[in-house]
Each structure stands twice: as structure tokens, then as C-alpha cells.
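Two complexes follow with chain A in common, the first pairing it with chain B and the second with chain C.
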Partner chain A sequence: MGSLLKKRGWIIGFILAAILFPFVSQNEYFLHILTLAFIWMIAVYGLNLLAGYTGYLSLAHAGFFAIGAYTLGLLTVKAGLNYWIALVLACFLTSAIGAVVGLVALRTREHFFAIYTLCVGYIIYLVIDKWDSLTGGVRGLIGIPAPTSVGPISFQTPLSQYYLILFFLLFTVLVMYRIIHSLTGRTFIAIRNSEDLAQTIGISTMKNKLLVFVISTFFAGLAGALYASFIRFIGPDIGYITIIFDLLTYLLVGGIGTLAGPIVGTFLIVTVSQSLQFLQDYRMLIFGPLLTLLIIFYPRGIVGAYHDWRMKSLAKKKQQLNRKQTYVHTQSTETEKKIKEG
Partner chain B sequence: MDILTQQLFNGLTIGSVYSLVALGLTLVYGILHIPNFAHGALYMLGAYITLTLMLLWGVHYWIAMAVSVLVVGLLGVIMDRLVFHPLRNAPPIHDKIAAIGILLFLEAFAQLIWGADYRTMETPYGQVIDLFGMTATMQRVLINIGAIVVMILLFLFLKKTYIGSTIIAMAQNREGAHLVGINTNKVAMLTFMISGGLAAIAASLSAPINLVFPGMGHLVILKAFVIIILGGMGSVPGAILGGYILGFTESLGATYLSNDYKDIIAFLMLVVILSIKPKGLFSREGF
Partner chain C sequence: MLIETKKLTKTFGGLVAVNEVDFTIEKGKINAIIGPNGAGKSTFFNLLSGSYSPTSGRIFYKGKDITKLPPNKIARLGVARTFQTTNLFEQSTVLDNVIVGHRLRTESNLLDAVLRTKRFKREEEKCRDKAMEVLDFVGLTHVRDQLAVSITQEEKKRVAFALALATDPEIVFLDEPTAGINPGETEGLADLMEKMVEQQITVCLIEHKMKMIMALADKIMVLNYGEKIAEGTAEEIMNNQAVIEAYLGGDASA
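So, the complex of A and B:
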């Protein structure tokens, strides 16, 4: 119960900090960076559910991110659709493509899955890059509109967009929280720990894996669509392999397979790379080895390491408590003996 | 007809390079079951080292290549010792991520030292020759001959020497190899050395007909993965065969289908193969 309260405290603290941030700092640049970080967090959550909880490392998520972004961009710019309809359609189209890809990709396992999805991601990138008449090729897609207003609320200012995307992030976290703490979430974890065992106890692994893949691509598509309307310009390089590596870095630094990991990792890396702006092209000189070292020494990232540390200190405390109790116990029996003997 | 033979020769050349890269990848996979994503970075470094030696010190092409093979091979060994050895008991997802980390680092490193611009490598074998009625540069002929020689040497090494058979033994059964007294750590290091060396040879041979830049390994490594899935993960003949199949398909596809989409061919091939047979075309049965 205590830990639950504490957990809730963390969550409320995070939400309050995120809501109050614009009042504390009027700096528009910070606001922009933070909004962007929120978008990445949504995508990382999608990846986390698949790679962290189900154990399938998908390297195609940058492609799904790009599909979401391009669907929104094309529907609003070329088809002139309402923004919100386009957003919904973008998410569903991405998950529909995800379902088709997943149906085939999930027949493979482990390394084959990683390589397969890597190739799928590359095909998506190449198609976007070469399909000049539809996507504009390397020139990209310009002039994507900002979200249209809902009733009296308009989303033209950076501040309102910040809150809009924060809303979507909180929605994502809520969905993830509910999934992970449900029977379905436990099923995913069972598949990660041992697929054969899961199958033996009667879990339909294919159905569950497909479900996870579709949910995961849904959030990748949502993040992509939000990205398109926030940056207002998209090029084919948002589907390139470097993006999936970025997402993986965020996820691993924060902690793969943990609920808070995506937020911690993305926030940390985005802010650190902003202060290392002069490095820009060379930031991988630091992040590459960091990724490797983390996976060797702290495979579950910062959140995982914190967790382990907490567990260890708790266990130690318990042990000390036990020792004291047994000590008291022996003492009391000794006195009892003495009384009897006396 | 003339175009066809020319394209077949082209396919043979590309296929040789792919085969060499895929061989290194498949050897490491066979021994350690790691899909080494950093292999493309080794390929890229191999080309850069040869190029630098030739430009800075005016070293002869072949000597530069030999040095490059040694350096990249040692780099492979270091990689094994520092990263993959500590991770040998970790879940498989960790190896992949660690390899991606190395890839990112090496690429940024190359960009830091050599810059992001595209470079060309001069070759002493640039002259055009006439070969059975078709024209080709000497370098292209050299790539074919070089690749075949390396493959034969590797085959003899694996089949005829004592050290070579320890590699095969370990690929067949790691515990078994350990039990009969093979030092598995040493064999793993040796495999990484050979794998790095093969990447450096492939890169140095093909660099004069391609460009040298930090991202040059991306496409090659992806295609090498396609090849080893095509030929069966860990199978040596499969990697060679797969490399040539992909080379021919690509060069013919580029002429007769579309040059823009020629890179997609490889990936579509893989997607189709894995869709039908999720465990690869040939499941592995030793070497």
C-alpha cells in the first residue's frame, strides 16, 4: 500500500510539474523542446510495450512513425480533410498496416524478427523516398496545418499545442498503465519470459503478439501524426533507421520494460543532447558507447537500476529486522530458562 | 544480348562483394548466435583505413589492404572481448542492442575523423580491358578473382586445418566443443578476427568502384542479413550462394525493372522468404 501511494505521488508530481512548467518558464524554446520530447515519449511507449514487455525488438517503428506522419500530412494538405478526422484516420491506417505486417512478421522469432522488421522499416523509408508523386520525395511535405480548434479552444499558439500533446501523452501513459496491470499485460510478460511455456498453459501467443504489435504501431502512428502537425514539415528521413536508433536509446537509458522508463529516458537524453548541441552529428560518439555500456551493466536502464537498488535496500532492512527479532527471541528464551532454572 | 552479359558480369562483381561480407556475418552468427549489426561499420572502416593509408603515406594498394585487414580484424577481437563476451549469457535482445550501439559509435567516429563527404578511392588497376567481347575495368575483374581466392582459402582453412575445424566444432555444439577441450573464448576471438578481416577485404576491393562515406555500410549490411537468411543463418556455402543470387537479381532487376527501386528488391526478397518460411530458406545443418 505504501509503495502504491508513493507511486501515485510520483505520477501526480510528474503531471503537476508538466502542467506548471509553462508558468515557471516563459522560454518558448524550452517549450518547443519539451513538446517534442512528449511526442517522442508517446512513440517510445509504443515500442516499450512491444520490445520491453513482449520481448520482440521491432526495428520498423520509425517506418510506422513516418506512415502516421505522412498519412496526416497527405490527408490534410492534399485531401483537405479536417484535422481531427485525419488524426484518427492516421492512427487507424498505421495500425491497419501494422496488423498486416505483424501477421507475417510475428511468425518469425528473435533475430529473424529484428532483421525482418529492419527490412520492413527500410522498405517503408524507400517507398516514401521514391514515390515522388504522392509523398513529394526528398523535398518532403510542406504546410501541414496545426490542429483546428475544438469549440472555443484553439491550438494555434505553442502553449496550447504543448497542453494538447501533454494530454495525448497522459492518455498514452494511462492506457499503458491499464494494459500492463491487467491480465492482458501479464500475458504479454508471460510471452516475453517464455513463449513455449505461455503456449503450454493455454495462451494463444499469436493472437496476443498481434494485439501488442497493433497497439504498439497505433502509438507510433499517433506520435508521427502529432509530430507532423507540430513541426509542420516532414521529409522522408523521419522514417530512416537513425530514428529507430534514437527511440531505442531513449527506451534503454530510461529502462526497457518499465512503466516510467520512456519518460525518464526521453527527457534525460533530449535535454542532454540540447545542451550538447555543438556536438550534433557526433552525439553518437557518446550515446553509442553509452547504449552498449548500459546494456552490459544496467540492462533495465535508470528506472530498472533504481528499482533494483530499492529492492536491495528493502531486503537488507528486512534482514536486519529479522536478525534483531531472532536476537530478542533467543534472549527471551534464555531469561525464561533462567527463571525456570532459578 | 550484349547488355545481358554485361549485366551478368556486373551481378557477379556485386555478388562477390556481398558474399564476402555475408561470410563474415554468418561465421559470427554460427559461432555466437549474434546478429552483428556492427559488421557494416567494420566494412566501412576497412575502406577508410585502406583509403587513408593510400592517400597519406602513398602505400601500395595491396599493402594498404593487408594492414586494413589486420586492423579491422583486431577491432573485431576487441569488440568481442569488451562487449559480446560479457553479454554471452544475456537474453538475445541485449546482443542486438549492444551491436547497434557499437555501430552508432563507429559511424560517428568515422565522421569525426574523416568527415561526412563522399570520397573516391584511386586504384592502380583502373585500365579498361576487353574480356570475351565485353569491356570491364581491371578492378572489377580483380574483385571477382580476389573474392574467389579468399573463399577458397577460407574453405581450405575451415576444412583442412586443425584450428579451422575447432571453429566448425564450436558452431555445431558449443558445450560439446568445450568438453573435448576446445578453448571456446579463443575460437570466438579468432572468428571475430576472420569476420572483420573479410569485411575489410570486401570493402577495400569494392571501394574503387563505389564511394567511401560513413554510411556506406548501411545498405551492405542489410543486404548481408538478407543473404544469410536466404542461405541459412550460420551456413558458409549458403552465404556464398546467397550473395551471388542477390548480386544477379539486383543487377538484372536494375536493368530490366527499375533502377530507382533496385535496393528494394533485396528487401522484398527477404520479406517474401520469411513470410513463407519463418526460419529461413535452408535451416542450418553444419557447414
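So, the complex of A and C:
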């Protein structure tokens, strides 16, 4: 129970910090960077449920991100659809394509799954890049509208967009939290642990893996759609391989298979790489080795390392407590003996 | 008769791992399968639990043909198993490892989880209660909240039993449940198996420890090179010429 409260503690802390940040700093540039980070976090959460909790590392998720972005872009710019309807359709179209891809991809495992999805991701990129008449090809898609007003609330200013995207992020965290802390989440974790064992305790692995794949592409699509309406210009490069490796880096640094990992990792890398911008692409010279070391020594990232550390210190405390108790116990038996002897 | 196999066969390439085995498992008894390493015992289990599909032959469970069913459906019918190597999720507590075992008796889905419906709450509770109950049954209540990584080998075996029991089975298949465990602890696990039978759960186990199996099993089948060479009570098996021959070459006490 205590750990549950603490788990909620960091979430509440994060919400407060995120809500209060614009009151502390009016810097529009920071606001922009943070909003963008929130969008990545949503995508990373989707990836985390699949790769972290179910054990299927998908490298197609930049592609699904791009599908979400382009669907929203095309539906609003070319079809002139209402923003919110387009947003919903973008999420559902992405997960529908996810379902089709998943049906095939999930018949493979481990490296083969990673390689297969890498290819799928690249194909999605190529389709976007080459299908000039629909997507605008390398020129990209411009003039994507900002979210339309909901009643009296308009989303034209950076600040309102910041809060809107924060809202979607919190929605994502809530959904993830509830999935992970449920029988459904336990089912996914059982599949990650051992598919053979999962099957013999009555779990339909294919059905559940497909479900995770669809949820995870849903959030990739949501992130993509939000990105499109936030940046308001998209090109094929948002579906490129580098994006999925960015997302993976965020996830690995923060902690794969942890609930706080996507927030911690994304925030850290985005802010640090902002402050190292003067190094340009040489940043990777620093990130590469650091990431390697982190994965070797802390395979479950910063959050995982923190959990382990807490577990150890808790166990130590317990041991000390036990020792004290046995000490008291032996003392009392000794005195008993003395009394008897006396 | 709970389970019956008819000419059950499994080949891997040219290798015949299980060869036309006819076998029956009786309800409420302890059934054992013995045989030298590589005799096809684990493969036989994998066929019964649906993890492998047979090359030929049939499997009946309570008279129903389950030959083509996938393992998760077979589990739902009341067939549980443990593996030769115990694979627990080490970073979770013992209790958390076992809760998911009752998942197959629940209906709640993703929407229930996200919306935290009444059904969700009821079934979460139900699975937790079931896990507590089976952990109590296998005698692990005291390590319930410890991480699986921190418990002993014997306790891990018991967790594997608990996970199988959490599925509400009518029969459990135990693949070498006492491998790598000392004699004193082996006795404890044997007692546990007898306790399962008392609870109307049929047990079928693969075992190497002859002394234990002769004392424990109501019925024994001996496999050698994938073929059934004998079947019967402990006494019948011990006096069976084919069994003595098969074991003379090997190690009778292993």
C-alpha cells in the first residue's frame, strides 16, 4: 500500500511541476521544448507498453507516429475536416494499420520481430516520401491548423497548446497506470516473462500481443497527430529511422518497463541535448558511450536503478530490524535462563 | 479415466521422441512417468499440455478429443503444468507471480481496467484471494511479499506449484519437480503432492528419484527411447524384465 502511495507521489509531483512551470518561466522557447517533449513522452509510453511490458521491441513506431501526423494533416488540410474529428480518426487509422502489421509481425519473435518492424517502419517512410500526390513528398505538408476552440477555450497561443498537450500526456499516463496495475497488465507481463508459461496458464498470447500492439500504435498515432498540429508543418523525415532510435534512447535512459521511465528519460535527454546544441551532431559522441554504459550497468534505466536501490535499502532496514528483534529475543531468553538458574 | 492417449507420436526431423504411446491417467491418483534422460518424458508432457502438436495419435480429456487444441484452451479445461526449469518473474514478489495464474477464470478486459469497473474490482480481488489461498496451500504465506529472486530453490518450486494450482486445475503435470533439491525438501514436496490428491487434484509427474517415486506413485509408466516399455504399480515396475534391462545400462538410482 505504501509503495502505491509513493508511486502516485511522483505522478502528483510531476503534474504539479508541469502545471506550475509556465507561471515560473514565461520563456516561450522553453515552453516550446517542453511541449515537444510531452509529445515524445506520449509516443514513448506507447512503445514502453509493447517493448517494456510485453517484451516486443518494435522499430516501426516512427512510422506509426508519421501515419498519425499525416492522417491529421491530410484530413484537416486537404479534406477540411474538423480538427477534433481528424484527431480521433488519426488515432484510429493508425491503430487499424497497427492491427494489420501486428497480425503479421507478431508471428516473429525477438530479433526477427525487431528487424521485421524496422523494415515496416522504413516502408512507411518510403511510402510517405514517394507518394507525392497525396503527401506532398519531400516538400511536406504545410498549413496544418492548430486545434480548433472547444467552447470558450482556444488553442492558438503556445501556452494553451502546452496545457492541451499536457492534458493528453496525463491522459496517457493514467491509461498506462491503469493498464499496468490490472489483470490485463499482469497478462502482458506474463507474456514478457515466458510465452510458453503464459500459454499454459491459459493466456491467449496472440490475442494479447495484438491488443498491446494496437494500443501502442494508438498512442504513437496520437503523438504524431499532436505533433502535426503543434509544429503545423510535417515532412517525411518524422517517419525516418532516426526518430524511432530517439524514442528508444528516451525509453532506455529513463527505464524500459517502468511507469516513470518515459517521462524521466525524455525530459532528461531533451533538456540535456538542448544545452549541448552547440556540439551539433557531435552530441552523439557523448550520448553513444553514455548510453552503452547505462545499458550495461543499469538495464532498466534510471528509474529501474532507483527502484533497485530502494528495494535494497528496504531489505537492509528489514534485516537490521530482524537482527534487533532476535537480539532482544536472545537477551530475554538469557535473562529467563538466569532467573531459572538463580 | 481423466486423460487417455492413443498411439501418441511426436517426431523431430528423423528423431522419434514419443513413439505410439497409449497411456491413461486415472482420476484422483498420483501417476508417474519415469525413464532415462532423453526418453521423451518432457516431450510427452508438452504434447498433453498442447505446447507441441503431435505428429500422429490422439489425446482425450474426459472423453473429449483435445488433440488439436492450443495450450491456453487446454489450460481452461483444467489442465495445469509446471516446467522442468522454473521461470518466475524474479523482480516481482511471490504473490505477484501467482496472481496472474487465476487470470483464465476472469473476464475483465482492457476497458474494465481503464475504466476501473465493478467487474474489474471484483476480479482483481478474486485473483488476489486465489493467490493467497494457493500460497497458503503450498506453505509459502511467509514469503508472499518477498521478491522471487530472493527465495530458495525449493520455495521457487513451490511457487511454480502455486501458479499451476491458481488455474483451478483438475490435473497438474509436474516436470521433474524435485530436480536439484535435497532429500529432506524432496519429502516435503512429496507430501505436498499427496495433499493435492487429497484435494481431488490428479497429479502426474516426471521423476528421476526412484525411491521417492516407488513410494509415492499409484501408477507408473516407463518410457525408453520414446516407447512405453512398462506400465503398472510400483511393484510391477520393479519386477519388470524390460525395465530392469533398460536401467541396467543406465544408473538405477539416478
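We adopt the following convention: the second predicted complex is superposed on the first by the 342 of 342 C-alpha atoms of A that agree within 3 Å, B and C clash if a C-alpha of one lies under 4 Å from a C-alpha of the other, contacts with A are read in each partner's own complex, and residues count from 1 in each chain.
Here is the rule we go by: contacts are C-beta pairs under 8 Å (C-beta built on N, C-alpha and C of every residue); 3 or more make two chains touch, one makes a residue touch a chain.
Because the structure is a prediction, the values reported are computed rather than measured.
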Discussion item. Please determine, from the superposition on chain A, whether chain B and chain C clash or fit.
Written reply: fit
Practice prompt. Answer with first, second, both or neither: which of chain B and chain C does A:Met311 touch in the superposed model?
Written response: second
Discussion item. If we overlay the two complexes on their shared chain A, which of chain B and chain C does A:Ala51 touch? Say first, second, both or neither.
Written reply: first
Practice prompt. Mind working out whether A:Ser160 is in touch with chain B, chain C, both or neither, as first, second, both or neither?
Written response: neither
Practice prompt. Check the residue A:Glu110 against both partner chains and state whether it touches chain B (first), chain C (second), both, or neither.
Written response: first
Fill in: First, second, both or neither for A:Thr148, with chain B first and chain C second
neither
Worksheet item: What's your read, chain B or chain C touching more residues of chain A?
Response: B
Worksheet item: Does the superposition put A:Thr271 against chain B (first), chain C (second), both, or neither?
Response: neither
Worksheet item: If you stack the two complexes on chain A, which partner ends up touching A:Gly185: first (chain B), second (chain C), both, or neither?
Response: second
Worksheet item: Once the shared chain is lined up, is A:Ile215 touching chain B (first), chain C (second), both, or neither of them?
Response: second
Worksheet item: With chain A's C-alpha centre as vertex, what's the angle to chain B and chain C, nearest 10 degrees?
Response: 80
Worksheet item: When the two complexes are placed on top of each other via chain A, what is the minimal CA separation of chain B and chain C in Å?
Response: 11
Worksheet item: Of all the chain A residues, which ones make contact with chain B and with chain C?
Response: none
Worksheet item: For chain B, which residues are in contact with chain A within the complex?
Response: 29, 33, 35, 83, 86-87, 90-94, 96-98, 100-109, 111-112, 116, 218, 222, 225-226, 229, 233, 260-261, 263-264, 267-268, 270-271, 274-275, 278-280
Worksheet entry | For the chain A and chain B complex, residues of the former touching the latter | 51, 55, 57, 104-105, 107-112, 114-116, 118-120, 122-123, 126-127, 130, 241, 245, 248, 252, 281-285, 287-292, 295-296, 299
Response to the item:
Interface with chain C, chain A side, in the complex: residues 175, 178-179, 182-187, 189-190, 193-194, 196-197, 199-205, 211, 215, 311, 315
Item to complete: Flag every residue of chain C that touches chain A in the complex, lowest number first.
Response: 49-51, 70-72, 75-76, 80-81, 83, 87-89, 92, 96, 99-101, 103-104, 106, 108-110, 112-114, 116, 120, 123-124, 127, 147, 150, 163-164, 166-167
